[in-house]
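In this document, chain identifiers A, B, C and D correspond to the written order of the chains, with residue numbering beginning at 1 in each.
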Amino acid sequence: MSVPLVRLRGIERWFGRVRALAGASLELHAGEVHGVIGSNGAGKSTLLNVLGGLLAPDGGTIEIAGAPTAIGSPRDAWSHGIGLVHQHFTLVPALTVRENLALGLRGRSFQEIDQIVDVTIEQTGLWVPLDAPVRSIGVGDRQRTEILKTLLRDPKLLVLDEPTAVLTPEEVDGLFTLLRTLAREGKAVALVAHKLDEVLAVSDRLTVLRTGETVLSAQRSDVSVRGLVAAMVGDGVADEIAVGVYRKDRPGSSGGAHGNPKGDETTAGVADAAPLVGRVVDVHDDALVDVTLEVHAGEVLGVAGVEGNGQHELALVLSGRRAPIAGQAHVPEEVAFIPQDRQREGLVVDFDLTENVALALSRLDRFGTGALMPWEDLEKEAERIRTRFDVAAPSTETLAGALSGGNQQRVIIGRELALGAPMLVAENPTRGLDVAAAAYVHGELTRLASEGLAIVLISTDLDEVLGLADRVVVMTRGRAVDVPESERSREGVGALMLSGGAEAT
Amino acid sequence: MSQVELVLFLESAVRLGIPLALAAMGETLTERSGVINIGLEGSIIAGALGGALGALAFEGAGLGIIAGAMAGLFVALIFAVFAISLGADQIITGTAVTIGGLGMTGAIYQAQFGATGTELSLPTLAPVAIPGLSEIPIVGTAFFAQAPTAYLAYVMAPIAWYVIFRTAWGLELRATGEAPAAAEAAGVRVRRVRFVATLFGGAMAGIAGAHLALAHAGTFAENMSAGKGFIAIAVVVLGRWNPVLVLFAALFFGAASALQFFLQALGFDIAYQIFLALPYVLTLAALAGWVGTSRAPAALALPWEPHR
Amino acid sequence: GEDMDEPSSALRAALLTSGPVSDAGWYAGAYDGLLLIEDSMDASVSHQQTATPAEYDEAFIAYASAGYDIIFAHGNEYQDAAIRAGEQFPDVRIIVSGGGRVSENVVPLIFRLEEGTYLAGMAAAYMTESRIVGMVGGVAIPPAEGAFRAFEAGVRAVDPGIEVLEAFTGDWDDVAAAKEATVAQLSRGADVIIHNLDAASFAVFQAVREVVDDGRVAYAIGMNGDQNAVAPDVILGSAVIRIPEAFLSTARRWQAEGVGGAPIYVNTEQDVIDFVFNPELIDRVPAEAIERVAVTKSAIREGEVDLPRVIVVEGEVEGR
Amino acid sequence: MSGGIAPARAREVALLGFGAVALTLGAGGLLLLAGGYDPGAAGAAMLRGSVGSWNTFVSITLVRSVPLLFAGLAVALAFRAGVWNIGAEGQLYAGAIAGVWVALTFDGFPTLILIPAMLAMSCVAGAAWALIPTLMRLRLGIGEVITTILMNFVGIYTAAWMVHGPLQEERGIFPQTDRIVEAARLPSFIPGTRLHLGFALGLVIAIGLAVLFRRTRFGFQIRAVGASPEAAAVAGRIEPSRVIFITFLASGAIAGLAGAVEVSGLTYALYENLSEGWGYTAIAVALLAGLRPGGVVVTAIFFGSLRAGAGAMQRDAGIPSAWVDVVEALVILGVLGLERVRAARIVTDIREGDS
């Protein structure tokens, strides 16, 4: 085979006492899409960041077109034609999309840049609101901006770290078509994603990382799903459980038009009879128009919709975090909440795990009501969550900011579930989780609903909503539209999402 | 106020506002890069002494201004080495640089002119009236019969605005001040941008100091910067990190200060300390009435370490 | 004070100031006085600049316990700390310039500056054409107040109808403020300006010079030192305090007869306070004015002029 | 200060830090030599005047550190909540005015009533001085950095006005207040020294704040709001504006105490130049301490010893005040350099200790 465009060998990287990479390797060829997979915390982002010049490796070699090379900074990476789209956004919130795109395209006039931007958007179909400040746009637009920003520089190697997590299925399809086109044009593409079906659909070759090591690297045609999962999870034998979990609970993958994991016993009628837990009536807010909703004990209310149609505002109102401008919101005093932006609203990145657990749990009566913080108890609780949710952190004293994206999410979920609230509002709860973890969360949601918790599942992942929800509403332009039983399919909901809720009541 | 008095008042306002405008304009760029230079006071006083010594050595106020800029830049260089290269806390570094700047200028002045000082008479930077503009009624002489450094401030405001908001470097500057990690990922050399912006701010503060010595007072005295570095930092905020607004904010502060002397000269029988507090109270009031405030650069005062 | 082990026979003198001695004025005069004592009396000397009241006690204690004989504390702000230190160290003598409190070993040294500014006021009254004169000060401390009140009285003694403007900048060193305060008075029509500033005084002369260059007739009056040579083109004369001489004579007196228990006054009588016309401009001064100033000076020396005096020292009736 | 240096850069920073320390020391020595002074004598005087003897240390250095201790704690408290209170200077003056007013007005009361009343009133005044910036931030969204700076100037001139006007000493001559009565003066803390009880009070507040941050719910809320107001609000259901309101005023109150304690413990009267920018130095004190109350005690004493040593350099080594300021600045820069070396060392140690 030809000399790989990029070859990483024996890459090591430490963070304090954490060994994030323990001799990982990766070969990327021109003309190929290369899927990089692994559990949360396996070291995928770290490896790609080494490639992108953001992190210096502590050991190992990097070869570019066969020549040993040191990548000392993002600029260096660029000079070698390596373009990296990060897992966590690296956009400047205060600048407009256009300005973010122009940043780094040095030596060109703004007119020229505008031209290149227009052409590239036309070619790639990555539509973005060019003149909006990044601060004001949704995560989908941000993701597209990131990708566009990287493509503008015409990289030889395009590296994408979990770009699909925040895109709609249609957008994912579009992106994959684009990646295939780029590969056909002779570029090398590396892609991290947690949804195996997505990765398998687009990749020519796959690499699996586990605890910082490359455990498998093979052609797409040579591997099976089972083999990949086994490599990721790492039980020498083919891990039936993992594959089983993946198959059974992966919503939408069971193929049913409206797959309902709870089978026939849960019907809309039963849900109506169950006690009402939360209710919003005629709510108006910044991005909400006359929303009326009810949530009952024991049901999962799915809220589908394209990012930025008022879901986040609805989540804030339903979780009691915000009083609506008009209308009434009757919600329980305590509502568990898994917010959209985990690094901003879910966690304090400069706090350790105990402190992040304490952030929510210390207001519970079981942690006392006095003026003092019961640190010992909270510490124990944090430890419990760390073990129970398999958070990859050396101890509860690890700073949340040092966790991998998926592990941050685990901490939040663990904490919020520990609140023991009668209602849970979750926004994209499995975004960024690996297969096993996502399956675990889905299982938890189902179990909790069956135990009587009222759950509002807000997700841009239609499969997730359709797979888990008892009832579905679609958010479009601030309105909530009920999805009738008959329309509960990808096509039906998709149509409602686009119709703009004209017939909403 | 009669018309003559109004003119005199405006002249005074512009004279008092110009050094603030010069220093604040530089600091605007510095802060846009995410660096707050509390050591500005040190650069101003260094600029005043540098300007004085330069004007004496080269026998000309114009070269004195350049010497002042150099002196201000040198002080900012010390600040930058610690606060940017070393990643030390900006506020502490700035505090040290201010103390050191005030001390060092005093020491040099005493070494040069004797322990008990001299009443230094410096070549002055005379006002230049701009034909035409200076004849505009009321505001003409106030704005257009000033020292050349005033015109520098007028010209710098739109240029700085253009650089910040309309050039590639300005884009890098703003990105650096808002989200250094993102800027670095996009290939911006964050620490270099910060260095350049900080040195520029120091040079402008140096010019402000040289203006005080050469265009305003015609002398140098220890501690003559009298807290203008801190006021300039407040002016930057009042001007919302926008060089054009900063110019107006500086002139506003100059006007508030001029008012204090005017009211005293008019013989108002009020404790003078109340007049002295006036500019600050007026600025507070202006801020409160200044609807829709803007934010500071998000990474202001945060040291930046490349993620490596 | 490097030589701590020097035999105790030599005089050891210390000076405290709350501003830099490089001001070519009030503090510079005190520092020159210290050096004069060093030279003339073969004394060993030391100086400390203090910034806050917290440092006053500390400095007194440090000097007293290091064996200094006499401490010149150059400003009324030291008076309370001086009394405290005096009680703790009975052997030391503390001279407080402009101080208001007396004890056995704490002695106020009162500069009768008003005798000089009264004369300056008279001169100003003769020179003003607009019949408006101005006073620009730093901080309104008693010597400044006293000097200004006497200047006013001097002006009025010649012409009660003359308007006298007053401004304080709040800062002895802020040259920009001093300049603008002067400009404001000049633009109100004042044409003779006296100052009471330190380092910032030059800005007053500069402002006057600028209107003179514009064709107006205006004068400045110097203060503290003889500033006539500083801006010979605009300074009409200077109200002078000869601080070094006052310090030296005080130190001599301490050595000869001891000081204590009573304030020391220095004034025109000892030639410590004076008003001197600027020889460069004296031909512009009407003979009558020169004559009147000279006559009044001797009358003041004789104690025949009723000057507005700020009674500084506690319990003082009317001292000189 | 920022702890987040990555290992690869740690060595570079450590080297730079050592370079900075060497450079500042060398520069200090050379500058003094060039100015015609003896660097050895200067250093010796500095040490002798700050830590030369137990009595020097207690009576001068610790006494000097008291206002920095209070103001530093005030700043640390505010900064922990993400409140950039640059206004300790003005709040200090407000506290001093209020304290001295109580002492002069209620001069017949016994110590046990008078001193607590003075201190309480100074807290109220300091908090009141912080109230305008607080409301401007919470109601109008105006950043507190500029408003607190402006309030400093207003505070300084208000104190100046007080001692020339309403609170001027009885005879109306000197710009100061009358001396406060014995009953209003803080007793000595360590007998035989000049150290007054204000220092002990400062220590108590430091311990109180340490307990607050470590152990209490409200302290935790302060830290959460300071670290991330969004997460505090959404995940913690904390009302950031409430926490900010209380913390800002409490910070003002502690800064106010700095003024009253200085008057009641040391100067016994209010003067115009009571503080030489302690409110600003306090920011350096708090930041150098990493915003930790315990650390503030140490750094306040460090800055106190710098100022104490500065006085001795003038008196004993004959070095003029301006030069002393240069040395002081260099020492601060040197300490910053060392601090960076330490931070870098921690990063490398962790790695090398474990691999």
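As a convention for this text, a residue touches a chain if its C-beta (ideal position, glycine included) is under 8 Å from a C-beta of that chain, and two chains touch if they have at least 3 such contacts.
Fair warning: this is a prediction, and the values are worked out from it, not measured in the lab.
Between B-D and A-D, which chain pair is linked by more C-beta pairs in contact?
Of B-D and A-D, it is B-D that has more C-beta pairs in contact.
With chain centres taken as the means of their Cα atoms, state the distance from subunit B to subunit D in Å.
Roughly 27 Å separates the two chain centres.
Please tell me the distance, in whole Å, between the geometric centres of subunit A and subunit C computed from their C-alpha atoms.
Centre-to-centre distance between subunit A and subunit C: 76 Å.
For subunit A and subunit D, what's the span in angstrom between their mean Cα positions?
A distance of 46 Å separates the two centres.
Centroid of subunit B to centroid of subunit C, CA atoms only: how many Å?
34
Could you pull out the residues of subunit D that touch at least 2 other chains?
6, 8, 157, 160, 164, 320-322
Which positions in subunit C touch two or more other chains at once?
In subunit C, residues 20-22, 140, 170 touch at least two other chains, as defined above.
Please set out, as single numbers or ranges, the residues of subunit B touching at least two other chains.
106, 109-110, 115, 222, 273, 276, 295, 306-308 - these are the residues of subunit B that touch more than one other chain.
Would you identify the shape of the chain contact graph, picking one of line, ring, star, complete or other?
other
Within the complex, which stretch of subunit B touches subunit C?
Going by the criterion above, the answer is residues 4-5, 8, 11-12, 15-16, 19, 106, 109-110, 113-121, 124, 212, 216-219, 221-224, 226, 228, 257-258, 261-262, 264-267, 272-273, 276.
Provide the residue numbers of subunit D that touch subunit A in the complex, in ascending order.
Subunit D reaches subunit A through residues 6-8, 215-220, 223-224, 227-228, 230-237, 347, 350-351, 354-355.
Taking the touch rule as given, give the residues of subunit B at its contact with subunit D in the complex, in rising order.
Against subunit D, the touching part of subunit B is residues 78, 81-82, 85-89, 91-93, 95-97, 99-107, 109-111, 115, 222, 227, 230, 233-234, 237-238, 271, 273-274, 276-277, 279-281, 283-284, 287-288, 290, 293, 295-296, 302-303, 305-308.
If we count contacts the way the header does, which residues on subunit A are in touch with subunit B in the complex?
49, 52, 54-56, 73-75, 78, 84, 86, 89-95, 99-100, 102-108, 110, 149
What residues of subunit B sit close enough to touch subunit A in their complex?
166, 168, 171-172, 174-175, 178-179, 181-189, 295, 297-298, 306-308
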